[in-house]
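Structures for review follow.
Same chain, two partners: subunit A is paired with subunit B first, then with subunit C.
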Partner chain A sequence: MNAPFFKYALFGDEMSLVVAFVIGIGFGFFLERAGFGNARLLAAQFYFRDLRVLKVMFTAIITAMVGAYLLGRLGLLDLSLVYLTPTFLVPQIAGGLILGAGFIIGGYCPGTSCVSAATGRIDGMVYLAGMIGGLLGFAEVYPSIERFTKITAMGQITLARQFHLSYGFLVFAVVLMAFGAFVMAELAEKFIGGKEPGPGALLEPVRTFTPVRRFAVVLTGLGVVALFAGSPYRSALAQVDTKQLALDALRAADQVTADQLADWLVEGRNDYLLVDVRDAQSFAAYHIPGAVNLPLSGLNHDFAQRNERVVFYSDNAIHTAQAWFLIRSLGFPSVYILAGGLETWQEAVLYPRAPAAGAAPKDQIDFAKRMAVAKFFGGSARGATSEVANPVAPVLPKLAPPSPTAPAPDNAQPAKKKKKEGC
Partner chain B sequence: MTEFTLYRHNPLLDPAVHVWGWEIPVYLFLGGLVAGLMIIAGVRLLIMRPTARQALVCCTVGPLIGLVLLSAGMFALFLDLSHKFYVWRLYLAFEPTSPMSWGAWILLFVYPALLANALTHLPEAIPALAKRVPVLVTISDYILARPRIVVGIGLANMAIGVALGIYTGVLLGAMGARPLWNSAVLGPLFLFSGLSTAAALLHGILVLTTPDDERPQFADFLLSMVARWSQARPLDTRIAPTLAQADNSFLTIELGLLGFLLIGHLTSTAVHQQAAGLLLTGPYAAVFWVFVVGLGILVPLVIQHLELLHRIRHTIAPSLLVLSGGLVLRFVLVAAGQASHWATALP
Partner chain C sequence: MSSSTEISPAEQPHMNPYWAGFGLGLVLLASFVIMGRGLGASGAFTTAVATTVHAIAPAHAEGNAFYAEYLGDGATSPLKDWLVFEVLGVFLGGFLSGALANRLKFTIEKGPRITNPRRLLLAAIGGALMGIGAKLALGCTSGQALTGGALLNLGSWAFMMCVFGGAYGLAWFLRRAWL
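And now, the complex of A and B:
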């Protein structure tokens, strides 16, 4: 079982929300136990009286960082599939200042305000209500500030890549930085806030090897391991698990049917990337709505986010399959082929064939749906008898200027009219 | 084939039932809440010792709020009617096989029962009002002097409350065309959901009015304004743990009934299994598990349990969670019910 679980489809979209809820409740529980439901305690850190927030948050960061590094290095977690928020430097600094001002005024950050509201504090509930109002307000003004939110885009970057450091070195440096910050925090609490280091502090005035100190040593040790253990990312060299690929191909788990793709498009889903691997000329003549054109020669390891679901299609089955294999071997986990390519798309979606007169009601209903879908894509239905009468494929709709060599079938017209009355 | 399609799309044969918006769920929620308030008020009126007269929250505040909420709910129901001016026709006949007819008549009896319960102790709750309208004192004295009437009012509130609570579920359950609703468990489920929201509402009111050092001054100021205007006695906060305990029982039963509803569907026909799938893993799963089961039942159960163990203070957080959970339960069931259907191929 490989992580990230969601990207490897251990559970679906709906269940991911339930999982998020369970994780969120757990996160909130431990924030509350750390005392973060109390605005006074959160504010105390600005006066150096109690820097618990800094300690808890920084501990969480280094624990997650060392853990993610080790899991990645052991091959249990594919770090390149973990979502990174894109960086927009100036807008994010502006947003950070607003959030900081809100933190100082209200005494909560968004997460702790939820914790506070859940423990029944009225100020937390008011803060939460204000936050929801702010979300609505932001959504309303977003069109007018959209340009600002897009400036200084830097993409999905990490510190290690930006400053050309090794990932392990960065882990080690951050762990050291965290413990430096903890010691500084406790000194600040002592000399500015007037609070002596108590039990559980790093600087607790005892000579024993307390649990906190043991934890610090272990984390630092893991940081040293990270320093020398190399990159946690999967190797950039192509690693092909031929057996897995063969199994996927055998079970047709790598295929998306034309009907399925049509449903996705009608539903307006945008959680996949539809790639047309034909040349630019054919693409300009017709392409499935929403597709991007990327000829076979243009495929490389950064043509899309690695966690993107990619669907290839073409009018050439071999080219599609080759694209699928290339991209799979580059380590993209979810790559699909439009089964039957453009030809099937044309047959099944754009110009569905009416069932015979005496067909079962189920087929009739099915065809009614197909007609509506065909209309959505600018196609039309064909009569049941057209198969024999007119074997020529009908022209592709709209996008293509009608090619003089392929005459439009006459029988497409009546079917279209009938449909307008029905559905 | 065209014939077939037209035949099924005829609104007289295939009524369009995917047309319920926010009005019906809101009405079902408020109806269940009022039913719960009635039952709690009736029980409290019956088991109260005549000398104690500490029944203000359950027996006066509850029914008064119930009157307001029921009117709001009936207004939502009225907004949903297509032929608004023919409402009176519901009261020209009683049709024993129609849940709608039962509901119309039950709602007619809810008002006097709630009002009688509220009037029994009204002069004690709001002395200022009683001074201006002396007839309130007369009515209250008349009722309290005759124990049989008090018992009658209590029993009537309980009986009509149960009827109202179950009817809101039967209203959906009787709709055979929507497999998700087609279960007799829906009646008790809505009844106990209504009871839990009612207990949570009363508990929340008690918590809000309890004297508290940490409350912001403006809130204390508002409360003291209301208290001075009505010259009311402070509410009896001793009943708060009982209400929290009752709420926990109701929530537990509600959870069990939800389980029965889903088990019943899962062991039924494929159509019913698909309908249950809408809530279990389908498009309504996230809302159902997170807002109904998680935030609406399990989290308040834990919080109230800790409150009862004196581990944490009584707060309004569980009340708000239970109330929103009850509302979301109605919304989810109405929306998912309308999405469930027999002919899977039909849109």
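And now, the complex of A and C:
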């Protein structure tokens, strides 16, 4: 199973909107079921009368956390492809405090206010209107506070990486913490709110193994499994299907020809990553437009997203093949080699050979096409007879860095302008 | 869950919070597995605001880095957005659940010691603060606390602690609105 399905292109953008709608229905349904359409019930959390906000939120968090961990560990879900909102510590602390204030003043958060408005609550509708006003105000002052919103940028980082703890240990600790908090919450409801633990509470005064208690034991058990089962990220369990690799290599399914690559570049396709595995010096001297430089020693599992198409090239066939093998074995499914490397790129694309005088018209037309492509990349034609004139010295002109006026600058690949994935 | 057998349909009690949380967690997990992303809410409203501003004053919206981020490349409508469709689903899901439990009612949720206009004023202020806070934090309770919480995201956990801190810190001053 290659999950997340969307990131492995199992369905397209249009279908993803249908998925969004269905997932939204589930989200809204359970928010309303939980009583989150009612501001007074939500606010009761902060007076220790009814701590269902804590119970619902943390049950949801540990359910999804344990599920994602197990699916990741079993190799069914590539956790590195699940979007992680980048951390900007100080803005997020400030935002959290403001949001908390908004929660107790207004009684809702954005998701719950939708459910509240949908069930006819006028305060929920007014809250939504207020939120739109707040967003508008934020947007208008954004240019002057933009710098503050970007401070303490820490990138996409988990607690496990920040504190050098094992992911599995954290899963276990959070599950344990959550159930500890639930028991405390029920005690608080009893002693501060005066509400005895009723049916369905963990502390319900019966001696039987109620469903809620069974649920707690199962999740805690899975937490213990996580404690010993290691990292859920795929790189930790890199596996090589040697037979599949050998078959791909035999069928040359792993190769892209120089002409193909030239076409992609001319078309401005941006659905692949072109990687030059030579050293930085050679890269600076010349590289194929749009390529990034990653010497062999710099390749590791996070150089690209695992669902990305990667094309390697070099002037050294062995190095290219090694890069291909390395990255395939890290579980990247679509990895390609530029057939013939830079040498073929020069021969076939940059400096095409003119046909001999009196060649077939088909060859002449073909050559005209090649010339157009060569010009696009700043190359030129070679005479048909040059080889004969000077058989020993290399015929190819020395590769120079693309001149500033070269028609195909590095940004031949249009920058991806994607909308943000986060909230 | 117990069901009421009165003649006029009475509101059903709310679901056990642990089971509601379990259901919510499964929805979130499904989103991870199918889409590779979590849930959200505030982002959809930001997209709606950006699109509206763009329709009224295109130059103004395009010149603002914040709006621009939500407007996309212009090739497709910014409203054809994952979060926008998800939030439309949230409205429908909430409505369906409310209808099934006889909880659909035009009313104002508040404590007994506050007038309606005051409660609505507070709701508007709270909403505005929420909008500002969510944008500063790159997400709200859904996108940050729930989603990031389950992914052990560093910033999300710091954010979540601060949400509870902020709300508990002010609770005493707002007791007349709720108790």
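In this section, the second predicted complex is superposed on the first by the 234 of 423 C-alpha atoms of A that agree within 3 Å, B and C clash if a C-alpha of one lies under 4 Å from a C-alpha of the other, contacts with A are read in each partner's own complex, and residues count from 1 in each chain.
Methods note: a contact is a pair of C-beta atoms (placed from the backbone, for glycine too) under 8 Å apart; a residue touches a chain by one contact, two chains touch by 3 or more.
Small disclaimer: the values here were computed from a predicted structure and weren't measured.
By the document's definition of touching, neither partner reaches A:F191: not subunit B, not subunit C.
Of the two partner chains, subunit C is the only one touched by A:L89; subunit B is not. In the superposed pair of complexes, A:K369 makes contact with subunit B only, with no contact to subunit C. Shared-chain residue A:I25: touches subunit B and subunit C both. Ranking subunit B and subunit C by residues of subunit A touched puts C first.
In the superposition on chain A, contact of A:P4 is made with subunit C only, not with subunit B.
Of the two partner chains placed by superposition, A:F228 touches none, neither subunit B nor subunit C.
Applying the stated contact rule after C-alpha superposition, one finds that A:P361 touches subunit B and leaves subunit C untouched. Residue contacts after overlaying the shared chain place A:A160 against subunit C, while subunit B stays out of touching range. Looking at the shared chain after the overlay, A:M15 reaches subunit B, while subunit C stays out of its contact range.
Shared interface residues of subunit A (contacting subunit B in one complex, subunit C in the other): 17-18, 21-22, 25, 117-123, 418, 421-423.
Those residues of subunit B that touch subunit A in the complex are listed here as 1-2, 4-6, 207, 215-216, 219, 281-283, 285-286, 289-290, 294, 299, 303, 312-317, 320, 343, 345-347.
Every residue of subunit A that touches subunit B in the complex is listed here, in rising order: 12, 14-15, 17-18, 21-22, 25, 117-123, 125, 354-355, 357, 359, 361-362, 364-369, 418, 421-423.
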